[in-house]
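Order of writing sets the labels: A, B, C, D and E. Residues in every chain begin at 1.
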Amino acid sequence: MVLLTLLAAITIGIIRARNLFAVVVLAGAYSFLMATVMVVLDAVDVAMTEASVGAGVSTVLALGALYLTKVHEAEPRYSNLIPLVVAVGTGVMLVYGTWGLPGFGLADTPMNTHVGADYIARNYDETHIPNVVTSVLASYRGFDTLGETAVIFTAGIGVLLLLKRFRKGA
Amino acid sequence: MIGGLSGAELIWLALALPMIGALGIAATGRARNLREAVTLITAGATFCVVVLTLLPMVLAGERPATTPIEAFGGIELAFTIEPLGMLFGTVASTLWIVNSIYSIGYMRGNREPRQTPFYVCFAVAISGALGIAFAGNLFTLFLFYEVLTISTYPLVTHKANDDAKASGRIYLILLMATSMTLLLPAIIWTQVAAGTVDFVAGGILAGAGLSTGALGLMLALYIFGIGKAAVMPVHFWLPAAMVAPTPVSALLHAVAVVKAGVFTVVKVIVYIFGVDYLATSGAAEWLTWMAGFTVLCASAIALCQDNLKKRLAFSTISQLSYVVLAAAILSPLSMIGAAMHIAAHAVSKITLFFAAGSIYTAAHLTEISQLNGIGRRMPWTMGAFTIGALSMIGLPPTAGFLSKWFMLGGAWQAENFVAMVVITLSTALNAMYFLPIIYRAFWLPPPADDREFPAHGEGPLPVVLALTITAFGTIALFFWPEIPFSLSTLMMEAP
Amino acid sequence: MRMDVILRVTAKLFIPFILVFGLYVQLHGDFGPGGGFQAGVIIAAGVVLYAIIFGKEAATRVVPTWLVEALVPLGVLIFAGVGVYGIVTGGNYLDYNNLVHAPPTKDEAVHGQHWGVFLVEIGVLVTVTSTMIAIFYAFAGRGKE
Amino acid sequence: MSVEGGINWVEHLPALQVAMPMLGAVACALVRNGGISWLITLAVSWAMPVCALLMLHEVVAHGTISYAMGSWAPPVGIEYRVDEANAFLLVLVSIIAALVASYMPRSVADEIAPERRGWFYTMYLMALCGLLGMTITGDAFNIFVFMEVSSLAMYVLIGLGRDRRALVAAFQYLVIGTIGATFYVVGVGLVFTMTGSLNLYDIAQILPEIENQRPVYAGLAFIGVGMSLKLALFPLHLWLPNAYAFAPSAATAFLAGTATKVAIYVLIRFLYSIFGVEFAFGSPATQPTVLLLACLGMLVPSVVAVFQVNVKRMLAYSSVSQVGYMILGIALLNATGLTGGIAHMFNHAIIKCCLFLAVGCVVYSTGIQRIEQMAGLGRTMPLTMAAFVIAGLALIGVPGTAGFVSKWYLIQGAAEQGMWWLVVVIVVSSMLAIFYIGRIVEVAWFREPSDAADNPRSLPFEMQMITWTMAAAILYFGLQTEISAGVPARAAEMLLQGWAIGGGQ
Amino acid sequence: MNLLSEIAAHYNYWITIFLMCAGIYTVVAKSNMIKTLIGLGLFQTSVYLLYLSPGKILGGTPPILGPDHGHGDVLYSNPLPHVLILTAIVVGVATLALGLALVVRINEAFGTIEEDEVVAIVDREDHAE
């Protein structure tokens, strides 16, 4: 919970900061914290990914982009009222929704009893892969992963299409 | 040789012929003689199919019909020829021939540009008119109603100059708007209320159990939704459309468009509401007033017009409302009158327009005040004009007399004194705005200096030919009214 | 930056370890945290580091652009190909059970699953690595103007 | 129906439907030669309708198809679930994709630099793949994944427009689209937390048993908002006009025909099949709100469209207003209305595609995009403009064209609900359509050709042909509506049943 | 007391919600495109928590099966959310990369990455049309 509070603090920092460089670095820190939280939540694979992606790749990319553009953010012109309304609206909707959610850490919630438990139960007999996450990722829900790979592929080609310089300088 | 075909095949043939003709015209657009030959041949063929073949069948009591094609959700594309439709179909296909002859003379005489599109759209419009005439249900009718609107839009904007475009805009938007916003909902309302949109003798709404108010509202949606009937206040597209060349005006006023309008009104009243049901429900009383008002008001406006075609236009508006009025009287006789007036007004009004066009072609005159003594230079034209005018006023020996006679009889029968007053009054008005023209043309001396008015003779031969034919038709309908009469009586008898 | 000896030496020392660690993560994915995606990112990171320190040109000499751009689709091809092979061997799409022996006994099905997961992870690895590198090249190729 | 080595490929159509475009895209990316990539695209995108039609036939004949990915029975594995509704949409999307693909090459060659074409086609196929995946899948999270596949591809396609404003359009679309997708994920997350399942059918079975409905309501709300962003429901449409206006012509035609429709389908699926009408429209305020939005969506953008100077943008605004019609059909909550809504998805897809293809022809041969410059095009490019007019009439809803059919259903649906004010709104917005279409028609046909419109570049055969195929289709489906209204009617019935009470088996 | 425990039980949800709101706020309010994208990142990342939190079982261990192969009485946290979030993260970074690429191009084309400035330019061009 301390970590979570810390996260909140960093977020505020990100919103306030004008220097984009600082923002990016803060975002990296944010991702690391997030990763730690995930470890606490037993999501080690996710934590690893978040660390490598959120803190690693994203930061590098953002810095690269910054290198190509500008480092300082201009003063916002228009009022912050509308965004505030939007954000608060979303928040209210969520509080309304989450209030009915089962409490933290319970084992007998529908989510933890239905399919999830199923995986743990059947996984080893069917795949002999101890890491349930891997087996679910690659086999049970392999198609999601295929889609995910497709997303990467699309993004990669997309970035190349947009940024790549060809000899003729297209 | 087409006698061997069944009714359904004949209907399809009648609808297809003008379309094929349109293609042929478009194909032969380069060679004008060939093109106009195609036009005439198509018109002739259509005439053979509709008048010479289908008409006898209908008169013999047959009701040729096509097997319905389901379009969607129980809505069908169906054609059935009942007497009223036959009447309208006959009028349209007959006058098409005359009008084509006339157009050839007129278009060449005035060296109009873009003649090929003109003939193409014309043929398509005829096909649309026939589709309306033969429609077996409201959906089919609506379909061809829009075909007619769209195919005549290029004709109205034929001159393609600014005011042509402006009036074309009025024409399209008014007709489309009324049909889309009023007619379509009315049709769907009918579908929801009655469960069908087929035309059935005696009406389909009798069982729907609508309140009088709802019925009146629906009738209003129909009347004003059918903008082509030009009941005030949805009339002003008609004067606006005057910018078009005369053959187009003839098409609008006599052959297809406005006739399609009033035809639809009568058809809806007879086959959707049902005369008796409407009469008992008393939902149509307001219509008598509305139509009567239109008749008088339009005549009064016509009185103040100096432009010949404009005056004719307003006269058309008032004459159309005769039909609506007669239909609103809801007595058998007046219904017959309404039906017959469709035919009578068609021939006489086309004569008048032909005459106006002939004057324009020969002398390039458009204003009534310029017509002094023109009767001596163009005896045929003005003679025909006189006959047409007489028919408009409703004097024997012309077709207009008969239909008016029936209307009055119907009004008397239904003891509808409003209608009777209106008819008599408007007759007086008609006389007031037509007779002066004739007087000018024949009895006033032509203007002195010939520099302003160079000597000119009759219009081109085809023009004179056409208007003579229609003039004779106007008289013939008085002496031999069998066909329209029997058709309209057939309409009133429950099959 | 290019002239900094210490950086270059340390980098030269580190990069191999990074790559090896990446492979470890890849292959150990079955038993511990890790898998194609994380491994791909790590390996890519190695190359990126190399490019940052020794310059893009040096990096492209080691890992040429055309190769990277060919590998991006190749990974998807492997993954989707395995799926199709699942059909060919009589199962559904992405069915690994009879990847090795068809029709499989229960153990052979497990064997097939192993192979399937392995190949699929390879596919992910290839695409992710090459995409990351390609994106980095693309950004780097865009000089400031 | 080819049976090779004992493998019945027909069983695997659902998988192939998505796998083939993906593999095709991969092939394009490997080849990277414009011409060959186009051939691949053509082959794949024409194979798609075949798949889809076979499945539609299968579904109509033998009911819902369920395909377990990796042979893992749902809900453990990912399920592909094909019924009337999405089979119909698959057909629609794939056919449009195929036609646009056949139309594309010269127009693309005109607008995209040669060395980028290979990748352009890759993106095109990935967009197609994503859309098909979204449509066919029966798994809530899988929808999200493929939504992202298609979205990313579309951002790129839009960003490739020649005008630099295309970049901004793409960026705004990216931001809004991502927010939309994330909202969707949040909604799914809430539902997932309450049900523990991601399989749509499974969720539908579990939901009724949940006693605490609040998270589910919230989830519904989030999914609703997220999809509304994606399908550009007024007033969440701000990304759409620029995106359509500046993307390459072919891409615009494809997007306009397919993207919003699929989002609408997903919404329909959630509202009707999964949550069920009683739940989704349970609170009395819901239906009026949605109807109100739909009506505003039908009116306001139409008015805006009347005042546009750029023809593409005008059509884009009209698209927004047409979305209003579809939402209206969904919110009417009776069979007729829903049929109208689905039928309008189909009809508007072909209509708007045809319009954009025609505009594409104009852009190709004259480079004109402003309405004033289109003066006299009716004379210099009569065929193209004729097709434009036909599609325009259909957009207005003239009888005999496809647009009329769906409008008829919608009005009838409203009438059956006794909501006459809706009838008024529908006809009024059709009126507005008359205005903005009529404007172009008048300019194009009744003005002397401007120098820009004079002597246009001669148009490639395939562009003409495809544009006219579309126009012909519009007329055909205006009267012959087994597919365009018959299947939607079946689908509507099926959807109104919902899945919760064991329907859709 | 009951309420208190409820609050405690939902504390992490609320932080999550706060993060999400912050993310949305950044996206909508900030005109700088890079910051917008980072805001998007925040937004998505916080969603991950929404998925992971309910999957955590107190006293549970990461879903990497021990010798009991998941049949014993060892409590494992729910693996399914982890898988989903892995995918989500990947999608997120893909989007980010694409967005940044677009920003770079926009910067080259317009010479600024402030959205409102760019939009102003765009409007001017629209009117120039």
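Operating definition for what follows: contacts are C-beta pairs under 8 Å (C-beta built on N, C-alpha and C of every residue); 3 or more make two chains touch, one makes a residue touch a chain.
Keep in mind that what you see is a predicted model, and the values were worked out from it rather than measured.
Touching chain A and chain C together: D, E.
Each step here moves to a touching chain, and the least such steps from chain B to chain E number 2. Taking the CA centroid of chain A as reference, the farthest chain centroid is that of B.
Among the other chains, the CA centroid farthest from that of chain C is the one of B. Highest inter-chain contact count (C-beta pairs) belongs to A-E.
Per-chain CA centroids place chain B at a distance of 44 Å from chain D. For the pair chain C and chain E, the distance between mean C-alpha positions equals 25 Å. Separating the centre of chain B from that of chain C, both taken as means of CA atoms, is a distance of 79 Å. Centre-to-centre separation of chain D and chain E, using mean CA positions: 28 Å.
For chain D, residues that reach two or more other chains under the stated contact definition are 22, 25-26, 29, 69-70, 122, 141, 145, 148, 152, 155-156, 159, 186, 190, 192-193, 198. Shared contact sites, meaning residues of chain C that touch two or more other chains, fall at 31-33, 37, 69, 72-73, 76, 80, 83, 93-94, 96, 135, 138-139, 142.
Residue positions of chain E touching 2 or more other chains: 20, 24, 27, 37, 54, 62, 64, 80, 84, 86-87, 90-91, 94-95, 97-98, 100-105.
By the contact rule set out at the top, the touching chain pairs are A-C, A-D, A-E, B-D, C-D, C-E, D-E. Remark: chain A residues 44-45, 47-49, 52-53, 56-57, 60-61, 64-65, 67-68, 126-131, 133-135, 137-139, 142-143, 145-146, 148-150, 152-153, 155-157, 159-160, 162-165 touch chain C in the complex. By the touch criterion given at the top, residues 69-70, 72-74, 76-77, 80, 83-84, 86-88, 90-97 of chain C touch chain D in their complex. Note for the complex: chain D touches chain A at residues 22, 25-26, 29, 69-70, 72, 75-78, 113, 115-116, 119-120, 122-123, 126, 129-130, 133, 139, 141-142, 145-146, 148-149, 152-153, 155-156, 159-160, 186, 190, 192-198, 206, 210, 212-215, 217-219, 221-222.
The touching residues of chain A, when paired with chain D in their complex, are 93-94, 96-102, 109-116, 118-119, 122, 139-144, 146-148, 150-151, 153-155, 157-158, 160-162, 166, 168, 170. Chain B makes touch with chain D in their complex at residues 69, 71-73, 75, 77, 139, 142-143, 146-147, 150, 154, 157, 160, 164-165, 168-169, 172-173, 176-177, 180-181, 184-185, 188-189, 191-192.
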